[in-house]
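One chain, subunit A, appears in both complexes that follow, with subunit B as partner in the first and subunit C in the second.
Then we have the complex of A and B:
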C-alpha cells in the first residue's frame, strides 16, 4: 500500500515532466499546423460528430454557450471538444515537431519577414476556416481583433507612460466618425451626405487611406490631452482626459450633420476579416517595435521618474507628445474599423461603459506588456461572449474576477513582456541538448 | 433678475447633491491617496436603502403599529440609512481596497470601477429592472419670494446639506478622530508609527463618506422620486470631477467645487439649449484645469510619482 501510493505520484510526475519536455520542443509552426488541422476537421466532420453526440449543432464558441445553456449536454460537448480540438492539436503538433523544427530553421535562413509571413498566413488561414462556419464567429473575431488594437494603444499611454488616461473612447469615436463620414461622403450614396463623390468601386482600395486619416484625426484630438500633460499628471490629467471624453461625446450628440444622438449608419462593408486581421497584425507589430525602441524606453523613464529622465537627456515633452499621438492614432484606426464592422455608430457606443471595458482589458492583461494586452483583450472579449447566457450574472462574475486579479496580481496577468518575433518563430531546441 | 435668482435656487439644490458626494471622494483621497470609484454607486445604494427604510416606516405607520408623523419618518430615514450605508462603505474598503493598499493606484481605480458594476448589477438582480419611486413624505409647499418660487423641499435639501457639511467640518477640525484623520492625510506612512490605527481611520473615512452619499441619495429621492440602478453613474463621475476641481483631499474645496459645478450646469442650461450642458460645463472645467492644474485648494503637483 505504502509503496504503491509512493510510486504513483513519482510516475505521474515523470509523465508530466516528459509531456512538458516533449511540448517544449514543439515550435510555433507545429502548433499552427495542429490548429489548422483541428479547424479543417471541424469543418468536414464537425456537423456529423455533433449529430452523433446529440448536440443541436457544432458548438460555436468552444462549447461555452452550450454548457451554460444546457448543462445536460456537458459530457457530449466535452467529448466533441476533445475529439475535434484537443487530440488533433496535441497529437499533430507532437508528431510534426521534428519536421516543423527543420522547416522553421530553413525559413530562418531567408530574411525574418519570410518566416513571419508564413506564420501569419497559417494563423490567418486557421482563423478564416474557423470563423467561416458562422457569421457569429466572424463578428466575434473581428471585434476581438479590434479590442486587441484598442488595448495595445491604451497600454502605450497607461502602461508604458504610466498616465491614467480616460479619453480612449473619445479617440475611438473621433476615428469612427471620421472614417464613417469619409466613406459615406465619397463612396456611398446615402440620405445624410447625398451622392457618392467618387466611384464606389474605388472604395475598398482607398479604405486604408481613410483609416490612416481617421487615425490622424484622433491624434489631432489627442493634442488636447497631450499639451496639458506637460504641466500636470496623475489624477488631474485623468480628469482632463475624462472631461475630453465627455466633451467629444456631447459634441457629436449636438452636431446634427453627424446624425446627432441617432448616429450614422449604412457604412459600406469594407472591414472584411482579412482587412481587420491585417490591420491588427500591423498594429501589434508596429506597437511592439515602438515600445522596444529608444523612444519606448524613454516612455518608461518618464513614467518612473520624470525629473531623472529629464536629467538623463530624455526630451520629456516630445516623449509625452509622441506617446499620446501614437496611442490615439491607433485608437482612431480601431474606431474606424469598428464603425465599418458594425456598420453603425452612435455616440452612446463611446461612453463610460466602453471606457470601463478597455481599462479592464489593459489592467487585466498586464501593464507595460504587449503580450498582456493581447491576452487581456482576447480573454475578456471572449469571456464576455461566452458568459452571455448568464445574462445579468455575467456582470457580477467578470468584475469579481477582475477584482481578484487586481488583489493577487496588481499589475495584471502578464506584465512587462514584449514580443521577440525571432524567438517566437525560431525552431525550439531540444532542452536536453541545451543543458 | 428673478429669473437669475430662480436658477440660483435650483443651482444650490443641484450643488448640494454634488458637494455631498464629492466630500466622500475627497476625504478618501486625502487619507489613502486613491479615488473610490464605487462612490457614485454607494450614493445609489444609499438612495435604495433610504427607499427601503422609508417604505417600511410608512407601512408601519399605515398599519398603526408605529404612528409617526411624516417629518419624523423622514428624519429617521435619513439617520438609519446613513448608518446602514456606512457599513456598505466599510465593507467596500475592507474587501476591495485594503488588500490593494500597496498596489499601483490604477489597480485600485479598476477595482473601484468593478465594485461599482457589481453594486449596480446586484441591485438589478435583487429588485429587477423596474424603477422604484421614493415615497413622498413631505407635501410640497411653494413659497413666493417676490417672484422667486421656492419649495419647502428645496429649502430642506439645502439646509440639511449645509448642516451635514458643517457637522463634518466640526468633526474633522475639533474631535480627536478628526485630528487623527488630518494627521493621516498629512502622511499615512509615518503617522501609524505614532500609534494612530490606519485601518480604523480608513474604515471611518469610508463610513463617513458613504453616510454623506446616503444622505445625498435620500435628498435626491425627496426631490426627484424616481430611482434607478444606474443613477449613481452620472452623479458619481460629476462629483468626482468636482472633488478634483476643488483640489484633492480638501473638504472646503470639494464643497465649493460641488456647488460651482451645480451653478455651471444650471446656468449653462439657462442660457444655451440644455443638450449643450455637458459640452459647455466640461469645457469650462477643462479650461480651469489647464490654467490651474491642481484645482482650487490642492497642492501643486509634486515630483514624487506613484504609479
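Then we have the complex of A and C:
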C-alpha cells in the first residue's frame, strides 16, 4: 500500500464505485439468500468458531452485549461477525445476483402475491434459523416485531394524519388485557377465572379471533377520545389522549378482577414466532395498502390543509376518526400479542416510558413512511437491547441520538417515502449490465 | 330557479357585518364576475357559499337543493367546486395525487378495498388516475404529474388547483383570483384555460378578480361589492362606466390606477 500511495485513492475510489455498482444490481432475493446462508453457517460453525476465537459463546445480538461487557473481546467479536455474517452475505449475494435477478423476474410474471410470499418465506426462514440458537433471540425478535406494529400504527396517527396522540400504550393495554381475559377465561384453567369454558385445544385456532376482538376493544377505547377531540382543531387530541392513558392505567390498576397492580399471568403460549411474524406482516401489508389508497391519502390532505381537503369533498371528520380507530386497532392487536409473548401483563408495562419509546421510534424512523417506522422500531428496540449493559446510560444515549436526528433530519431518518412492495421485490437490472 | 340561487344572505362576524343582503342567481353555463376593493367581502361571499362559514341569514340553493349550513365537503360533492385565493395545496403530495383526491366522494371501494387492496380498488384507482391525467392535460401540466407541488412554479400551482377543482365534476366553479401574482403571459394562458374549461364542461363559473381586463373579457355579468353590499350589477360595459364603481375603486380623486 505504502509503495503505491499515489495511486491508492484513485484505486480505492474506483473499487468503492465498483462495489457500489455491483451491489446496486443485487436484488432483495439474493440478499435474503445470503442472509440465509450466513445464518446456516452460524448454526453449524458458529460455536466452533467462537471457541476458536476465545469468545465465551456465539455473540447473541451481533456482539453488542459482549463488546460493552468485555471490551477486550472486541477484535475477536469483529472477526466472528465478519466471517459469519459480513463475508458470506456480501459474497453470496454478489454471486447470486444474476440468477436471483432472473428468478425475481420470473416470479413477477405470476401475481405479485407469489413473489411476496416467496420473499416472506425466505425471510421468515432466516429469522427462524437465526433465533433458534437462543431463547433470548426469540424474545427480542418477537418484541421487535411487536414494536414495528406499534410504531407503524402510531405513525398512521402522528405521521400520516399529523395529529399528536399520546394514548398508544393505553390502546395496547386495552388490547393486552382484553386478549388475556379472553384466553384465560376460555382456554385455560387458572386462579383468576377458574375453569376453561371451551376446550383448550381450540385455543390456538381461536387466537386470531381473540386478537381481532382485542383490537376492536382498543378501537372502542379510541372512539371515546375521538368523539370529543375531533370536533375541533388543535392540540386537544394530545391532551385528551394523555388523560386517557392515565385513566386507563389507573382503571386497570384498581380493577381487582383484572388482577389489580399485580396484573394477569399464565397466558397460554399462543404467540409463537410464526404467529407474531404473520401478524406483523399482515399489519404492514394492510396499513401500507391503506395509506397508499386515495382514501388513505386523504389523511395527508387533512394534515397539510384541512380547509382545502374539506372543499375537495373529503369528509375530514370521518377520515380522522377512521384513521384514529384504525391505528388504535393495530395497537390493540400488538398489545394482545405482547401479553401472550411475555405471558404476563401488569399495568406498569403501559405507562409513560412505553409512550416515550413508541414516540421515539416513530420520530426517529421518520414520519409518514412505512420504511421509517420499520427502521425506527427495529433500530431502537435492538439498540435498547444492545445498550442494556449500560443500564442507566441507555436513557442518556438514546434520547441524545433522538435529539441529533431531530436537529439534522427534523422529520426522521426516512420520512415521506412510499413503501412500494413491487419495487422492493423486482429484479435490479442495471442498464449497463450488458456493456 | 337558477342553478345557484342566493336569497338575502347576510353574515356577521361578531358585531361586524361582513355581507349584507346578498342576492345571486347564477344560470348554467354563465360566467359571472365579482369585483370590489380589498376587504369588500368577496372571499367571504365565496366562503359562505361553499360552506366554510354558515350565513347568519338567508338561503342558498344549488340546483334546487337547499345547501345552507351544510358542511363544505357535502356542498362540494353536490357540485360546487372552488379554488383558493392564496393557494391551498397539500405540500407533501404530488400533482397527480391532488387531482385524484378530489374524487374522494365518488370512491366506492370503501375501507375494505383500501385495507386489502381488492381488484375493485385497483380498477377504480386506475380509472381515477386516467381521469386525472385527462384533466392535467386540459390545463397543460400533465408532464408535471409526479412532481410534489411545492417544487412547482406559481403559475403551475394555480393550474393544479384548477384541475383539482374540476376533478369534482362540478356544476358551478368558483375561482378566487385565479390570476393573482401572475405575469401577463401566464395571465393570457390562464384566460385561455378558463375559456377552454368553460366550453368543455359547460360550467357555470363565478370568479373574483382584480384585473379588470380579465373580468371585462370573460364575464357576462359583473357584480360589484363594496363593504359587503352589492352596489352595482350588470354587463361589463355598464359596470365600467358606472360612477359608483369608479368611485369605489378609484376614489373621488382617481389617484390609483387600475391594472
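The definition used in the following text is that the second predicted complex is superposed on the first by the 423 of 435 C-alpha atoms of A that agree within 3 Å, B and C clash if a C-alpha of one lies under 4 Å from a C-alpha of the other, contacts with A are read in each partner's own complex, and residues count from 1 in each chain.
Keep in mind that, in the parts below, a residue touches a chain if its C-beta (ideal position, glycine included) is under 8 Å from a C-beta of that chain, and two chains touch if they have at least 3 such contacts.
The structure presented is a predicted model; accordingly, all values stated were derived computationally and were not measured.
> Can A:286 be said to touch subunit B (first), subunit C (second), both, or neither?
second
> Considering only the touch criterion stated at the top, classify A:243 as touching first (subunit B), second (subunit C), both, or neither.
A:243 contacts subunit B only, not subunit C.
> On the A-aligned overlay, A:299 touches which partner chain: subunit B = first, subunit C = second, or both, or neither?
neither
> Touch check for A:315: first (subunit B), second (subunit C), both, or neither?
A:315: touches subunit C, not subunit B.
> Of the two partner chains, subunit B (first) and subunit C (second), which one does A:416 touch, if any: first, second, both, or neither?
second
> Once the structures are superposed on A, label A:184 by its partner contacts, choosing first (subunit B), second (subunit C), both or neither.
neither
> Check whether A:396 is in contact with subunit B, with subunit C, with both or with neither, and answer first, second, both or neither.
In the superposition, A:396 contacts subunit B only.
> So, A:307: does it touch subunit B (first), subunit C (second), both, or neither?
It touches subunit B and subunit C both.
> For the three-chain arrangement built by superposition, which of subunit B and subunit C touches the greater number of subunit A residues?
The partner that reaches more residues of subunit A in the superposed model: B.
> State which residues of subunit A lie in both footprints, the one left by subunit B and the one left by subunit C.
303-305, 307
> Touching subunit C in the complex: which residues of subunit A?
286, 289-290, 293-298, 300-301, 303-305, 307-316, 322, 368, 416
> Which residues, counting only subunit B, touch subunit A once they are in their complex?
Subunit B residues touching subunit A: 29, 35, 96, 99-100, 103-111, 113-115, 117-118, 120-122, 124-125, 233, 237, 240-241, 244-245, 248, 275-279, 282-283, 285-286, 289-290, 293-295, 301, 303, 305-307.
> Name, in rising order, each residue of subunit A that touches subunit B in their complex.
Per the touch definition, subunit A meets subunit B at residues 158, 162, 164, 224, 228, 231-236, 239-240, 242-244, 246-247, 249-251, 253-254, 303-307, 352, 356, 359-360, 363, 367, 392-393, 395-396, 399-400, 402-403, 406-407, 410-411.
> Touching subunit A in the complex: which residues of subunit C?
These residues of subunit C touch subunit A: 50, 52, 71-73, 76-77, 81-82, 84, 88-93, 97, 100-107, 109-111, 113-117, 121, 125, 128, 164-165, 167-168.
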